[in-house]
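Chain lettering (A, B and C) follows the sequence in which the chains are written, and residue indices restart at 1 in each chain.
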Amino acid sequence: MLAPAGVWLLLLFAVPMGIVVLVSLGRTDPIFEAVYGWHPGNYADVFDPLFAPVLLRSVTYALATVALCLLIGYPIAYYIARFGGRWKTLLIAAVVLPFLVNYLVRTYAWVAILSDEGLANGILQDVGLAENGVRFINTSWAVIGGLVYGYLAFMILPLYAALDRMDPALIEAGKDLYGNRWQTFWHVTWPAAFQGVVAGCVLVFLPAVGDFISAQLLGGPDTYMVGNLIQQQFLEAQNWPFGAALTIVMMGFLLIWMLLYVRSATRASREASA
Amino acid sequence: MTPGLDALSRRDLLRAGAGAALAAYGLAGCGIGHGIRGDVNRVIEPKVDGDLFYFNYSQYINPALVKEFEKRYDVRVIESYFDSMEGMLAKLRSGNAYDVMFPTAEYVQRLIQQEQVLRIPRDKLENLDNIYGYFNDPWYDPDSAHSVPYSLYITGIGYRADILGDLTGSWDDLANEEAAGRIYVLDDYQEALAAGNLRNGFEMNTVVESELNTTEEWLVGLKPLLRGFSVDTITTMSSGNAWIQHLWNGDIINIRYRVDDPDAYVFEKITQDGFPVGSDAFCIPVNSEHPGTALLFIDFMLDPKNAAKNVSWNGYPMPNHGQDETFQELAKGDPNIVVTVDDLEGGDQFANLPQDDRELWTNTFLEVKAS
Amino acid sequence: MSAPGWAARLPLARRRAERRRRRGFDRPRFLLAFFLLFVVWTFAPLLVVALFSFNSTPSLQNFEGFSLQWYDEFFSSVTLRESLVASIEIGFVTMIVGTVLGTTLAFALVRARSRVAQASNVLMLIPLVTPEIVAGVSALVLFTQIGMDLSLLTIMIAEITFSISFVTVIVRARLATMNREVEEAALDLGATRIQTVRLVVLPALWPAIIASALLIFALSFDDFVIAFFTTGESPTPLPVQIYSSIRFGVRPTINAIGTLMLVISFLIVALAVALPRLLGRRGEQNVLIGGEAG
């Protein structure tokens, strides 16, 4: 069972990652070629105080994104799973459909709507709510909005997959047993939903931290994210070794937190539903 | 117990670490990936020898011209795109065989040094006479042996004349109080630092640390007034989000195509402090498989009529006398957009900095953006 | 999750559920309103995209007049058409192979206890944390070092590698809460392991598998960083073309493509849902797909 995926990941992922580690120990020679070598100093450079705020900011944005995706995604997934009936598949497809349109295209549409001379500001000014218009684009909220818009499907789909098995009769029975809505939710719905929530949070948080396109298109002068930083090192700075070292440290940092979170969350859930 | 992590005992980790160290030592000095190999002096002639594999920025050439070329020579032009010079290099070195690509001047010099581009048989091309004399022996390509110039650009400031009136002609306009919160600087380390260096009276390509620090301070000082760093200049200006945008001359023309009131969008040439001038060029990679078709394509694009057509679509001037009139017409009312020969000879061009200096520049810009 | 006590109350509970629903039980109206608002929010930009795809000028801000020029530009451009087809091809292959590999991996991780399986738990999360540019560059270096030419195949390989984890996380979440008693009952009744998987486990897992398949299709269809680094000389996948046009101005042709993609996807989904109904009530067997019991 493990073999096909395991072999694939080993050859085509672990090996390139090994190369990344080796690259992180190299340096760039005077004619801009990245060469192998032994320069663990690259890792020391990663801990320059300049970069910590960037990482912190990225984590903050990603957490905000997860929170918003959960807030928006859970009711949607729940609604479809529980009340979708025979239209379930159609509804889920309707949710996913917008994500098949290229992210850049959708983002530009939002820029058109939310720009200073765009539709939203036009309405706000006509109605008298905002004299000089509201600056939507090029703020941290715009970046978070862009992240939410891009990653929402990554929250809704796992939630839906986990919630879909909810037999309404079980909920009814639970209501009879526990008496009130909250208890029903906690003892009946939550344990099933929980796995979906963990999956959704992981799938949104991890890629969101390393995202760069949202900050690039929608960000302001102070929304620099770690994804932009790493991209800059690989492209503009032509400094693959340092970029690789940054990546390894960032990945290590995130993975440790992720594992701790998943482990403690699983333990808590097991205790609660016992 | 944390699954996974416990499975890796300390011994395993040490073994892996030692393995990595050994590998690093063994491979020390070896390049990651390799450049393309080939004979720089390969004899090539303008003749059809297959379909053309074209590698360029997207939207940088008139598609009607491409179609015309395809029809005339009965070949296909297969387009690939990059969005940065560094990306172009990465794909070039990956072994992909492109036939024509468009590096900027400093990258042409670098590619020549690394022997990655073919020698171009100038005597066999018909339309070279139309090119400005300056490019017969440019600084980045002695005797123009390996490249043929494609387009020209200068960096300046685009602004809303209808809202702001006139500006001062200096890079200080990026700190215009009236437009506070609606100013963008180009998200390009070279352009951003160049603006700062020139404004502070330094050499544009300076690598003196103290000077770069002054520039860095100036840029960081701009940040409270800035709305962002962006190369998406056409969107920022045409959407009204930008009243002042650091941009290239051709962008203004493209912006004007997309707005209700084209005359409101003006290009300012920074005559007071100096400004970057640049060019890019046609080059044929050394591993090209259809260099003959590539030569035909270059000759085709140099034809004065085609240059004129390209310029009116593209918005960027070409150093080709055939387009002079068309471009003057396009830029009428805003002669600042035109790149004159004086600009070329007297202006500052980006130098091909060695790695250490380049790192200095990129780190300075990084500090500006991350602070 | 097991529910011994209240399972006995199911028949009575079911009748009550029916009655309550008819009385607006659980206030689905609030959720419905939220859902509709959500649909408006996600589709609003798509309306803008569709509108501007018919714009007579290149402006993405002001609608000047009606014109089909952008659709014309798309249909007459061989490069664009090939890009779209290439992206769809890559998407489909990635979706199928990635889903299969991810699902098998999910099974292995949930059911197995071996040391290798535990290590794979960690290995599986790493692709999710990898920034796209590192993914792209490392794939590029791998292919160059082993001397493999870049082509659509290399893009597919790279995309699949980074999609597997998404499938595994989603399928595993569902698998972990599945009641093993039904499986064991089936085995007791004489079904083979394979039959059990096919007739008991997979149908229950189906929503998770479909959901993750859709997700990785969308993911690879929209990806441009990995695609850029692993693409050969031709054809260039669509997102690479779109993103590299930021520098000199995105053309409304992109909006035309987006609108076309939307219409095509909508038709495919409508077909996929309508077909089983048209062909007869075969939907009844697959309770969890059609949601008949809902």
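Here is the rule we use: contacts are C-beta pairs under 8 Å (C-beta built on N, C-alpha and C of every residue); 3 or more make two chains touch, one makes a residue touch a chain.
This is a predicted model, so every value here is computed, not measured.
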>> If I average the C-alpha coordinates per chain and also across every protein chain shown, which chain's average lies closest to the global one?
In response: A
> Which pairing of chains accounts for the highest number of C-beta contacts?
Replying inline: A-C
> Looking at CA centres, what chain is most distant from subunit B?
Replying inline: C
>> With centres defined as the mean C-alpha position, give me the subunit A-subunit B separation in Å.
In response: 32
> Using the average of all C-alpha atoms in each chain as its centre, how far is it in Å between subunit B and subunit C?
Replying inline: 37
> How many angstrom lie between the CA centroids of subunit A and subunit C, rounded to a whole number?
Replying inline: 16
>> Residues touching two or more other chains, restricted to subunit A: which are they?
In response: 19, 23, 108, 112, 115, 117-118, 234-235, 240, 259
> Where in subunit C do residues touch two or more other chains at once?
Replying inline: 60-61, 116, 120, 122-123, 137, 141, 145, 243, 246, 250
> Which residues of subunit B are in contact with two or more other chains?
Replying inline: 3-5, 32-33, 87, 232, 235, 239-240
>> Which stretch or stretches of subunit B touch subunit C in the complex?
In response: 3-8, 32-34, 53, 57-60, 63, 76, 78-83, 87, 90-91, 93-98, 231-232, 234-235, 238-240, 250-251, 254, 257-260, 314
> Which bits of subunit A are touching subunit B when the two form their complex?
Replying inline: 18-19, 21-23, 25-26, 28-38, 50-51, 53-54, 108, 111-112, 115-118, 135, 137-138, 216-217, 219-222, 224, 228-229, 232, 234-240, 259-260, 263
> subunit C touches which residues of subunit A in the complex?
Replying inline: 1-2, 4-6, 8-10, 12-17, 19-20, 23, 72, 75-76, 78-80, 82-90, 92-106, 108-110, 112-113, 115, 117-118, 152-154, 157-158, 160-162, 164-165, 167-174, 176-177, 188, 191-192, 195-196, 198-199, 202-203, 206-207, 209-210, 212, 226-227, 230-231, 234-235, 240, 243-244, 247, 250-251, 254-255, 258-259, 273
> What does subunit C use to touch subunit B in their complex?
Replying inline: 57-62, 73, 77-79, 115-116, 118-123, 137, 140-141, 143-145, 149-150, 228-229, 231-236, 240-241, 243-251
> Can you list the subunit C residues touching subunit A in their complex?
Replying inline: 1, 3, 5-7, 9-10, 13-14, 16-17, 20-21, 26, 28, 31-32, 34-35, 38-39, 42-46, 48-49, 52, 60-61, 100-102, 104-105, 107-108, 111-112, 116-117, 120, 122-134, 137-139, 141-142, 145, 157-158, 160-162, 164, 166, 168-174, 176-177, 204, 207-208, 210-212, 214-215, 217-218, 221-222, 238-239, 242-243, 246, 250, 254-255, 257-258, 261-262, 265-266, 269-270, 272-273, 288-294
